[in-house]
Amino acid sequence: MSFLEYAPAPESQAILNLRSEYGLFIDGEFREGHGTPFASISPATEKHLTTISTADGADVDAAVAAARRAYDRTWSRMSGADRGKYLFRIARLVQERSRELAVAESLDNGKPIKESRDVDVPLVAAWFFYYAGWADKLDHAGLGANPASLGVAAQVIPWNFPLLMLAWKIAPALAAGNTVVLKPAETTSLTALLFAEIVQQADLPPGVVNIITGAGATGVALVGHDDVDAVAFTGSTPVGRAIAKSVAGTHKKVTLELGGKAANIVFDDAPIDQAIEGIVNGIFFNQGHVCCAGSRLLVQESIHDEVVDRLKSRLSTLRLGDPLDKNTDIGAINSSAQLDRIRALSDIGEAEGAERWTAECTIPENGFWFAPTIFTNVSTSHRIAQEEVFGPVLSVLTFRTPAEAIAKANNTPFGLSAGIWSDKGSRILAVADKLRAGVIWANTFNRFDPASPFGGYKESGYGREGGRHGIASYLKTAAPAAALEPTRKSVTKGAAK
Amino acid sequence: MTRLAVPKTYKLYIGGAFPRSESGRTYEIVSAKGAFLANASKASRKDARDAVVAARGAFGGWSGATAYNRGQVLYRVAEILEGRRAQFVAEIVDAEGVSTAVATAQVDAAIDRWVWYAGWADKYAQVAGNANPVAGPYFNISVPEPTGVVAIIAPQDSSLLGLVSAVAPALVAGNTVVVVASERLPLSAISLSEVLATSDVPKGVVNVLTGSPAEIAPWLASHQDVNALDLVGAGALDWVDLQIAAADTLKRVLTPENGSDAAAPTLGRITAFVETKTVWHTKGLI
Amino acid sequence: MTGTQIVPGERAIALLGGEANDANLRRYLHGIPGVDAVGLEQRAAGLGTRSIKTTSKAWALDRIIGLIDLTTLEGADTPGKVRSLVAKAVTPDPADPGCPRVAAVCVYGDMVGHAVQALGSAHGDPDQGRIAVAAVATAFPSGRASRSIKLEDTADAVAAGADEIDMVIDRGAFLAGRYGQVYDEIIAVKEACRRADGTYAHLKIILETGELNTYDNVRRASWLGILAGGDFIKTSTGKVAPAATLPVTLLMLEVVRDWYRLSGDKVGVKPAGGIRTSKDAIKYLVTVAETVGEEWLTPHLFRFGASSLLNDVLMQRQKMTTGHYSGPDYVTID
């Protein structure tokens, strides 16, 4: 036996007690939805996990009404300190149930347990801790004294980081004094429903957090509901665009975290081994199901061959398989629909003349899988260099000068993130200045922290999540600062009459 | 014998030049009492297109200038405005039919507001940005950066103050601007262009269109190379449609404001058209 | 493993295209890409989270024993202590005849004769299941002695039957940028490793990474050691903290991998000092396997410099056999 194959080391599922069916979480309790229930499956095995309710229009009304009642009667009247205490409770409960949540996430989403265990769930707890502390300090959020909450927030989240995106949405909204109705993605509702149990354990007043499940139609009904005051969406740019249109002319405050096509720029003086790790982490983390993934590798021409060689050797050590195995690096693609899209775009890449290389790995019989893939000889005009693949597919392009790297990096309607690898500090700072992207990682990639604002330029959306900027997304912006304007005094002798 | 006056030809201001509309169209500007004042250029969609090209071309230089330099350049505009107070007062008296005292108050307020915003250029980033204490060995900082090309529908009931209130905050952060002036009261906007042209503001940083906002605004709202849309003066237009058109490229949009002091001076008007950029860098002693 | 065919200096001349003096070495060593400390440590931490179970773990534990340089480097060492160490090296677990032997015993130069004698017929090439004798030399651990003393120290140990010499580099000269001096000394020590029959004792070059301080220095020193003809590069003397760490070892393995890509020539790596538990040692095995490949997990390409590690591995082995946890009274002290 080869040592490198490592014997299976599966995380135990015994910790997780799934119910056979889950209702909607409205006004502090679970209730059946009026829509047609749907099955939730594990993308790694295609096995049935549980049955989940669909919220129809009436259910959305009920959820928004519950949130409105909770806002009017309790949450908006509660002191910031007490709101903060509830959020601290939630943070602790997430920590206490972290292993269970990680197992559920990997089972439902297909991501490797080492990521759900070491990245997603710890960040979820960190997010609630961070924003808990903001709840009684809103005067210092940069919006003047006594900034007002918005009201009821409608939040729609994607399937790539199900519980983490929930935390990104719910923690700042509640800290700022809003109540929420959140809809998880249809393929990954499980951890949001477990989170509803945590909300119950924390004894949060009923209606402050409502979780409704269902497909796109449920989300449309929620976002379009007349009685919501804020809309927060993370997902694809086309859906974000539709939301931006649907809220036009309303008072709803919107944050959108949409797609990306991040350039990861590697200069010839880069710390090469760390750059290789960063490239791998940039595009193969979470199977590339990451809006800020470093999907366009821009390598300085002089080191292109060496980087590609090293990258291929490194990829050959990645382990694809059972998401619950602690040694798995690449888990399952979240759904067959997403797999189809990745396949289609990869085939187009090949047809357009890019050279395709795929890491050798055994693909399990059931479930949805895509082996780590690199395209070389990619031109900026190729679709795989333009469109978001949202999968473990890297396009490699080259550049000769820093100016060319910047121009190519910015040559996209997206502007979410970018990476820079170089040993030269002054160049890193200058390039970072010129990149039109909201998050720039220098000599690192895919780092997240509740204290650090995240969000895009251009068609990658607007608003920021995380940090002080993230709390501002859920508060009313400042009133006119007319008082700041000085009263007129003569500027020069001749000028005053 | 009274001297025969030399009337001014009011044209557009695009890329630092004063062209007539490519369409050859003009429209009559009349005083509050209905007397003929001037034939203003009636900008077409192609003029709007040219203005966006000019604004995009100027963006790199203007946004890349030091904040101190932008502040100085903007302050210089206030200085030159101050020197031309009489001209602006006279134009406003004619156009708006107000007393000299009221017109003077508007010009003074506009100049003071310009000075107020000029002073923000090298400060707003300190207020709108911050270091982030992340849980790891990283230097992490968030800084605001200009959004890009901002299209503005200027307040329609104010010759100068409304225009300044909308244009100045967008410039502070380093955005470049295409502004559609008040349809009825456009003459101050062109006079302001003359101020800009003779100050140190690089060509293309501000582009001024006169004509019909209802005609031009949809082209700007849907223009893919416009990053943001300030609808402050679009209250009388079908502005929801403009907002919907702007959503196609996810432009940042400010909605119409009404009242005598629309676009009142706030830091929020500066930060409405900035993007927060967060930069992470590893920290390692060894 | 009686020797090596690498002629001292051959590697450097081929690569530098000129004399290995301070200037040429500096130009080369400072042209190597830098190391980002945060990224390196994260990669090492990531490798440390591999979960090694059942058959893989059993294989790993046996392999760790077979890669240990069982070490005693005390001023208080005596012939009796060395004999006791050798007995442990030959029969690590008296209760289990299937337990593999360690790779080598590592002692001070004056103890080499005692070790050779105590090993008797067990003395030989670890790749053949025998046990080698390694001696620290060159005024170990500080290296602060004249060159002639260092060379004599080395020659003495080789003459007494040492198969492997663990030399220390002159860290002072390295940190002062006198790369040529460090290089020349390694060449000279290598010469001193030459036996009468023209073969060389195996040369391990101790970088003392705890004193080099930065990862960039560790990387440069690793290249320098390889260019000068080292058969192994070794982290530490065990007398300076920090001794071996996973990030430093990963970095040295990356240099070895790059050298292999460049030359097709395999150099060994020896982390030494501070590796006390099976759990830690398994992390090193994983790091070797995923960085340079599993073929490096043989005694002539990878070693652990350790003393207390062996007993922890033995307790883990017993746990795997019996199903219950062992205790320190069930393994022998030396």
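Per-chain residue numbering starts at 1, and chain names A, B and C are given in the order in which the chains are listed.
By our rule, a residue touches a chain if its C-beta (ideal position, glycine included) is under 8 Å from a C-beta of that chain, and two chains touch if they have at least 3 such contacts.
Labels paired with UniProt names: A, B = Aldehyde dehydrogenase family protein; C = Deoxyribose-phosphate aldolase.
In this text the structure is predicted, and so the values were computed from the model without any measurement.
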Closest chain to the overall C-alpha centroid, by per-chain C-alpha centroid: which is it?
A
Quick check: more C-beta contact pairs in B-C or A-B?
A-B
With chain centres taken as the means of their Cα atoms, state the distance from chain A to chain C in Å.
45
Please compute the C-alpha centroid of chain B, do the same for chain C, then give the distance between them in whole Å.
70
In whole angstrom, how far does the Cα centroid of chain A sit from the Cα centroid of chain B?
35
Taking each residue of chain C in turn, which ones touch at least two of the other chains?
36, 38-39
Provide the list of chain B residues touching at least two other chains, using ranges where the numbers run on.
136, 138, 282
Could you check chain A for residues that touch two or more other chains and list them?
443-444
In the complex, the residues of chain C that touch chain B are 36-39, 213-215
Give the list of chain C residues in touch with chain A in this complex.
33-36, 38-40, 42-43, 49-57, 59-60, 63, 251, 254, 285, 289-290, 294, 297
Chain A to chain B touching residues, read off their complex:
126, 142, 237, 240-241, 244-245, 248-249, 256, 258, 413, 415, 428, 432, 436-444, 447, 449, 451-455, 457-459, 461-462, 464, 467-469, 477-482, 484-486, 488, 491-492, 495, 497
Okay, in this complex, where on chain B does chain A touch?
82-83, 85, 104, 108-109, 111-113, 116, 127-128, 130, 132-136, 138, 140, 142, 147, 227, 239-240, 243-244, 246-250, 252, 261, 264-268, 275-282
In the complex, go through chain A and note every residue touching chain C.
1-9, 114, 118, 269-274, 277-278, 317, 326-327, 423, 443-444
